[in-house]
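Pasting the structures here.
Look at the two complexes coming up: chain A is in both, with chain B in one and chain C in the other.
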Partner chain A sequence: MAGGYAWLLAAPAAFLALFFAWPLVRVVWRGFTDPVLGLGNYARVFGDGPYLRVMLNTIETAATVTALCLLVAYPVAYVMAKTRGRWLQIMAALVLIPLWTSVVIRSYAWMVVFQRRGVLNDLLLATGLVDAPVSFLPGALGVHVGMVHIMLPFMVLPLLSSMRAIDGTLLRAAEVLGASPTKVFWRVFLPLSLPGLNAGVALVFMTSLGFFVTPALLGGPQHMMAAVLIEQQANTYLNWGMASALSSTLLVVTLAIYVVYLRVSGGAADAALVR
Partner chain B sequence: MSSAARGAPLAIEGLAKQYGDVVALAPTDLTIERGEFFALIGPSGSGKSTLLGAIAGFVPPSGGRILIDGDDVVAVPPYRRNIGMVFQNYALFPHMSVFENIAFPLRLRKASEAEIRARVERMLAMVRLPGMGGRRSNQLSGGQQQRVALARAAIYDAGLLLMDEPLGALDKNLREEMQDEIKQFHRQIGATVLYVTHDQEEAARLSDRMAILNHGRLVQVGRSRDLYEAPRNAFVASFLGEANLFAVRHMTSTGGGLAVDTREGIPLAALRGPAGAINGAAVMACVRPEAIELARPGASGLDNRVEGVVDDVVHAAGTVRYRVRVGDGFAITVRRPSRLQAEDPGVGERVALSWRADDTLLILKE
Partner chain C sequence: MRRHGMTTRTTRRGVLKGAAAASAVLAFPAVLRAAPSQMVIATGGGKLEETYQKVIYAPWTAKTGIKIVGAPNTSAKLKAMVEQKAYEWDLCQVAAEFAAQAAQQGLLEPLDYGMIDKSKLLGGTAHPHFVMSDVAAYHIAWNTKNVKAGAEPKSWAEFWKAAGRRGLWKRPFQTMEVALMADGVAKDKLYPLDVERAFKSLDKIKSSTLFWNTGAQSAQILIDGEVEVSATWNGRVHDPKRAGAPVDYHFNQALFVSDAWAIPKGAPNKKEAMEFIALAMSAQSQADFAKHIPYGPTNTAALSLLDAVTKEALPSSEANFAKGSFLDVTYWADNGDRVGELFNKWTL
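Coming up: the complex of A and B.
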């Protein structure tokens, strides 16, 4: 840290050390020591039983949510990037307004939609598509839809910023040089939107790994995710050692996936997040 | 390679473009010969890019025809027109190497890998960038980037090359160097070139012929020299070089010439009336600064004579520009070659200006 301003970092550094690094060390430590010193907790995490299944389900859910978000967000961002003026403002508002409502409320809203006597079942019954209410909750569908809904802005925004930075002359140049609109998209537009795509994917995937409220409300025991399991271990069973081991595992998995992703995307995700 | 056969002739018939009420391009006719280097000049907003965009295909015209090699291409999408284009900001793809940028049109045309390699290498040598194929475009200087853009536009042997102010982003010295390169490049590839610039000197250096646009209208077409020596109207006269303009009130025939009465109160002698003048059209007189001679007051002079006081003297690279005030608030600009040790009239001195009758050009006001 060159220059005489390093001391400015002292207060934030102390804060982080006290309230972030130290608890983290305690958590990792506890995973190995509570109730007795050893790898007992980790043997249970990776052994037979529900724990590994929940971990894998967490990764799978996060991956699915990320893929769905990308699928929905890319066309939305594409249209927004081509729009100017009032319509852009309206679309930006539609993307951003859900962020003003808490995740808890939005998850409850999806419960209202998916429950036995909910909006969706009423609709299905009224149109005669089903004879009896379908049981959506608890289940994977609710978790996926709820999480995609919540994570969508975090995919749209980096994509949009990347797409709006693309110079329109490049697209015209490609077309004059002989590229049909489809080829312009695949060979020029898509590659130039990759920084935003990578940033969005990293953001959504890693946030999804730690999701709590939505899977807790909509997922149930059959579709449990890591954060719900950890909370249960700590608060219901008071098994702090197990909660710590699960937390540490989730942390390592997240970091590992992030590092691999950085390699694959050539640092583009990082660059776009920093920019 | 017989290069002359490669260029495609271009003909534009009644081509027009309107954005709502704004006429970006009034109905325009223009014919450009096979292999010709044709410049399009005009002030900013005069419709140059609109005309070029219509030919390239990304500005849908409001009317008219565009014939490339005899075929009307108005309904053809840009990617099937087989036109080469160079943009002011180079428009190189930042996610591709120099090699891939130049290879891009060939890959779209499904050329074989071996052919692509051979042609790109040849083209790199031609634009004096041998061995630079592996670079990223942002590792190149502005001049080098523009050469890559040239190579990319020319590699698929398009009969027509469009260039929209390709040197606009470069500084003056580099621009002149690149002008020579573009000229030479054109001789080598033989394509028809339509070159947009707002710099009349650049147009004069590069082109066989040029067209001047103003407010979306083609004002005059011709060789640089023709336009300078016989401008159609006051706009052309002052856009190409400098012009002293007088508003003509009245012309009367004299033996073998015209006596011209001007609003500035200076009587002028001219030889010929304005070309293509219709009765009642406003006429102006144009005298080029270098046609005017400077002498001491009272000295005998040429057909046109007027006296005034030197207001300003500027020495610039080989020429001296004088501003001479003649009468109320009207000044005449005179340009003389700069000579060592010469006794130039200074500011405040009284001088006599004179020029020949055939240097008084009578032109249309509009």
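Coming up: the complex of A and C.
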């Protein structure tokens, strides 16, 4: 970056330091000092309580949702990137409109779809695919569908911007040099869309780790996410030391996963381009 | 922030030292300080707050000239407020089991029972730091389309054996108690909870139970027939039943739970807050409240101001109150975190 303009960052940096970094430091500190100085809270987090299991649940759910989002969003973004004019506007609107509805309302809407006398069961019964209503709720299906629905725009948009930036002449050059359409996609288009893909994956995965409402409403008790545990400790039991320890653990786990992901995906991107 | 709080204290001490002449005045701040022009009261909001507005806030303002501003009673906020000595509420209404927890952490002002009359209150509702203001019931309810009349579960034991799916709250409080009653523990012998026995009892129905998250959800799954029977709070099914929804309930072996008035420790308008609580706890206020929302009064004198039809729906009317038992808030304040951890582990 041009050094002369670094001062422009001073205000945002001060804002972040004051309202983000400092509270974060206090949260981490509290995990070690409340109610008494020591590792008591962390002994509980890593002990044989429910905490580690919930952390793993959380990571697993976030990873599944991210993978599903990618599967759905990539073709959508691909088609959008190839489209111009009115149709692009319509598609963009369809992707964006769900963002204007609250997460709580959308989660309740999925309950209506999935419940025993819901739309989906009515359809299955009417078509004779099942004889008795299927119990979808509470269950993993509801959690995953509900979360993918909410996170989808956050995957589509970075993918789209990345794909639209791809220079079409590169694709034509590959074709001219005799590459099949499949080969053009795998060797040229996909690697060039990786920045958007990485951004989308990071965005969806990180956000999914902190999900609260959707798994609480659509999932069973066995689908408990870390955010629910943290909320319980902070609000119900007023045990802020424990809430801090759990938050800090989630933060460290998230950062660790992110670093590993950057290494792996960065390596993969380089390899794909060099091959 | 704590540092900010310390600065404030130092400043105040400095003022006291420096202005010796003013010390006589400062010794009686309550006498000389003008009454506030408004007070902030945090409650659960919604219909509850609308009703308070009508039956308590309006008379209070008419009497004292002090306006009332509502706020959501986010529990963590109480702790933050007291810790940082930055008060946004003058008083609050919170779940009684939460009040007990907050009192234990020193977050609440002791109540002045010289100002608040507790002579007519139900036993166990007047605590040193909070006073329970209503009685709701966590009880058995069923979908009347799917459960034939007469076949509804009469007790938690029958609820456990009921055909189909059942609903219970996804939290340990109240759910542990009914699990014990289902296993044959008498309603007056619940505490201290036999936690292991409760989990064994819950094990029997785990696979056929939908653990709901919010009161609204419990009513919805009952009315939609997503479950045949469910535990729920009477306030959630009272109106739908009257409006003709396919749901019914009874108070047998109900577990009574309460909201409670409390004052954040160190809040500035303590005297007015006590006066407000005294008004809110009066027989008239409680009776007026119960006419709008089927949460029964804790002031027994309020019952004589209510007609038979209203009393039929109230958990704390003589007939209904005898059928159930009170949640022990002190037990949960002492054991909530530990039992909650075990409960979370059990659910996974």
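Basically, the second predicted complex is superposed on the first by the 245 of 275 C-alpha atoms of A that agree within 3 Å, B and C clash if a C-alpha of one lies under 4 Å from a C-alpha of the other, contacts with A are read in each partner's own complex, and residues count from 1 in each chain.
The criterion applied here is as follows: a residue touches a chain if its C-beta (ideal position, glycine included) is under 8 Å from a C-beta of that chain, and two chains touch if they have at least 3 such contacts.
Note that the coordinates shown come from a computational prediction; the quantities given were computed from them, not determined experimentally.
Visitor: Sticking to the clash and touch definitions up top, decide whether chain B and chain C on chain A clash or fit.
Guide: Aligned through their shared chain, the two binders fit side by side on chain A.
Visitor: Check whether chain B or chain C contacts more residues of chain A in the superposed model.
Guide: Higher number of touched chain A residues: C.
Visitor: Once the structures are superposed on A, label A:237 by its partner contacts, choosing first (chain B), second (chain C), both or neither.
Guide: After superposing on A, A:237 lies in contact with chain C but is clear of chain B.
Visitor: A:179 contacts which: chain B (first), chain C (second), both, neither?
Guide: Touch status of A:179: first partner only.
Visitor: Counting only touches as set out at the top, which of chain B and chain C does A:164 meet: first, second, both, neither?
Guide: Neither partner.
Visitor: Does the superposition put A:106 against chain B (first), chain C (second), both, or neither?
Guide: It touches nothing on chain B or chain C.
Visitor: Please work out how little space separates the C-alpha atoms of chain B and chain C at their nearest point after superposition, in whole Å.
Guide: 46 Å.
Visitor: In the complex formed with chain C, which residues of chain A make contact?
Guide: 44, 49-50, 53-54, 57, 111, 115-117, 135, 137-138, 216-217, 220-222, 224, 229, 232-240, 242
Visitor: State the interface residues of chain A toward chain B in the complex, per the touch definition above.
Guide: On the chain A side, the touching residues are 167, 169-170, 172-181, 183, 187-188, 191-192, 194.
Visitor: Given the complex with chain A, which residues does chain B contribute to the contact?
Guide: So the residues of chain B in touch with chain A come to 56-58, 77-85, 87, 89, 91, 93-95, 104-105, 108-109, 152-153, 156, 162.
Visitor: Note which residues of chain C are touching chain A in the complex, please.
Guide: 74-76, 79, 98, 101-102, 105, 107, 165, 170-171, 210-211, 213, 217, 220-221, 224-226, 336-337, 340-341, 344-345, 347-348
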